[in-house]
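Shared between the two complexes below is chain A, which pairs with chain B and chain C, respectively.
Now for the complex of A and B:
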């Protein structure tokens, strides 16, 4: 009855249940820990140039696609998002706009990974977009875009959670003023 | 050891296996996802996900959002890819979206992967029909078991042998 096998089995079963209860408690606790993240993105300048994306990619193989080059300003304090179950933050600046053919468009302009609370206060000036800002219609005329800062909290264990700042004012794109080299 | 005992044990083992299988399938129905658990095999989402981590997926009806991490299948490729959405363009027709993805640890977006096969030439975007799941939860390390078992088939046979021993020897 109280053989070695039974005891080992009981110890194993109990420790596995205990570990999973603990992991569950940690995962759910992350959802109720209060935080007050703040963030804002602003565009200091937008310039539209024409160019070729990559001749191998059939959609954009002509030379008159319009690319927007932006200079961004990002201020954020995300340190309150760091708690015992935060492995990293994935922080990304998003431009959002609508066109007659596509009512909702979002493009990531810039992103970064933050792994420590001590570097979770962002203050950046003169940032250029890291990813191409090009629409599916390849034109920026008559389009207004707003920008906002988004973040994704990647936990050590548990739920992926997302958040974002308030959207900025709308920015109008200027007419093309050059050729992308 | 008698026949009755062996049969009872086999029944118990089968009950357990089918119970696990049925719960998994029920969970798949609930999350609208054919395989609601996946094991990360590559390093392209480091440092968020490492090889051997388990991801919990679901596939809600609502549109894929920017920054969401999707598991998607490229036509003609068997192994699904887990990457983050960095561009999204919604068409007025409900449900259709043009999505561009990129691995956090990769330097370039995934268009090179989309167009790797000749049948996919000119594929600039993935669509919701390519997306098989969206990452909702994360459990580290435990997927290493399945990676070990695929890498060392002997381990798999040892495990099966262990189950067989239980059937014949447990009283």
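Now for the complex of A and C:
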């Protein structure tokens, strides 16, 4: 601490140590701040069509893969998830079902990024699925899927945390009708 | 001209001031940010603390130079003093030999 440079160095070095403690405290405080998010997804209609698809995108001949097209209704109030360490929310609707060969399947139907508290109340009608709803076995017959809304809190500093709403009732997929263009 | 060096007590004090000011502002930054739920405000308060700490210890303020080191006189001066006095005191001689 004798010379000018030495004192400048000491101030900067200690401030780095201190800001790490501060950021650590912020990161841990985010885990204990209470929140009461709510959300629900419902499927208004499900239509199954057949089309071309293969795991390696080389099967151009057959149209025997079944695609499910859904119309969704999403209601959610996620504004309580915005605390001082929330940078943004990643919100996604997930369909979950089990088949005899694969006990647990999860498919993301729709997603969005919420950056501000003022737009954290979601009320959407008539949403089509953003991503293809395809089962590994290529068939939707005899499958019951439930849907739920999941969210991922992206913090400024600290831990990514996840949450989800209660799963909806199971929806049965109808038989294929029509061909996907 | 400008003085950049501070004395030993000043160095100790400067270290205490640095750590005290930055820690204090850090705690205040956390509490205010938590209450206002604003991480940006928290960072600004902490930055203000660093600026205050830097301003109060980096320049060699007079409060850090209150206890300057008192050096012994040089050998030449001592010898000159001894010569001017006819009878040098025994303590002076002893210092001269052991120095």
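The rule we apply is simple: the second predicted complex is superposed on the first by the 171 of 181 C-alpha atoms of A that agree within 3 Å, B and C clash if a C-alpha of one lies under 4 Å from a C-alpha of the other, contacts with A are read in each partner's own complex, and residues count from 1 in each chain.
One rule holds in what follows: a residue touches a chain if its C-beta (ideal position, glycine included) is under 8 Å from a C-beta of that chain, and two chains touch if they have at least 3 such contacts.
In this text the structure is predicted, and so the values were computed from the model without any measurement.
Undergrad: After aligning the two structures on chain A, examine chain B and chain C and state clash or fit.
TA: By the criteria stated at the top, chain C and chain B fit after superposition, with no clash.
Undergrad: Give one of first, second, both or neither to describe whether A:158 is in contact with chain B, with chain C, with both, or with none.
TA: first
Undergrad: In the superposed arrangement, which partner chain does A:46 touch: chain B (first), chain C (second), both, or neither?
TA: Neither partner.
Undergrad: Mind telling me which of the two, chain B or chain C, contacts the most residues of chain A?
TA: Here the partner covering more residues of chain A is B.
Undergrad: Now for A:18: first (chain B), second (chain C), both, or neither, which partner does it touch?
TA: second
Undergrad: Touch check for A:84: first (chain B), second (chain C), both, or neither?
TA: A:84 contacts chain C only, not chain B.
Undergrad: Put simply, what angle do chain B and chain C open at chain A, by C-alpha centres, to the nearest 10°?
TA: Apex at chain A; the opening toward chain B and chain C is 50 degrees.
Undergrad: Contacts for A:114 in the overlay, against chain B (first) and chain C (second): which applies, first, second, both or neither?
TA: neither
Undergrad: Check whether A:76 is in contact with chain B, with chain C, with both or with neither, and answer first, second, both or neither.
TA: neither
Undergrad: Would you sort A:10 into first (chain B), second (chain C), both or neither based on which partner it touches?
TA: In the superposed model, A:10 contacts chain C only, not chain B.
Undergrad: If you stack the two complexes on chain A, which partner ends up touching A:68: first (chain B), second (chain C), both, or neither?
TA: A:68: touches no partner chain.
Undergrad: Quote the smallest CA-to-CA distance from chain B to chain C in the superposed model, rounded to whole Å.
TA: It is 13 Å, taken between the nearest C-alpha atoms.
Undergrad: State which residues of chain A lie in both footprints, the one left by chain B and the one left by chain C.
TA: After superposing on chain A, chain A residues 156-157 contact both chain B and chain C.
Undergrad: Can you tell me which positions in chain C touch chain A when the two form their complex?
TA: 4-6, 10-12, 14-15, 18-19, 22-23, 26, 29-30, 33-34, 36-39, 42, 46, 49-50, 53-54, 57-60
Undergrad: Quick check: in the complex, which residue numbers of chain A touch chain C?
TA: 1-4, 7-8, 10-12, 14-15, 18-19, 21-22, 25-26, 29, 83-85, 156-157
Undergrad: Considering the complex alone, what residue numbers of chain B touch chain A?
TA: 47-48, 63, 65-69, 84, 86-92, 98, 104, 109, 111, 115, 121-122, 124, 135-140
Undergrad: Show which residues of chain A lie in contact with chain B when the two form their complex.
TA: 23, 27, 56-60, 87-88, 90, 92, 94, 101-108, 111, 113, 115, 131, 135-136, 150, 152, 154-160, 162
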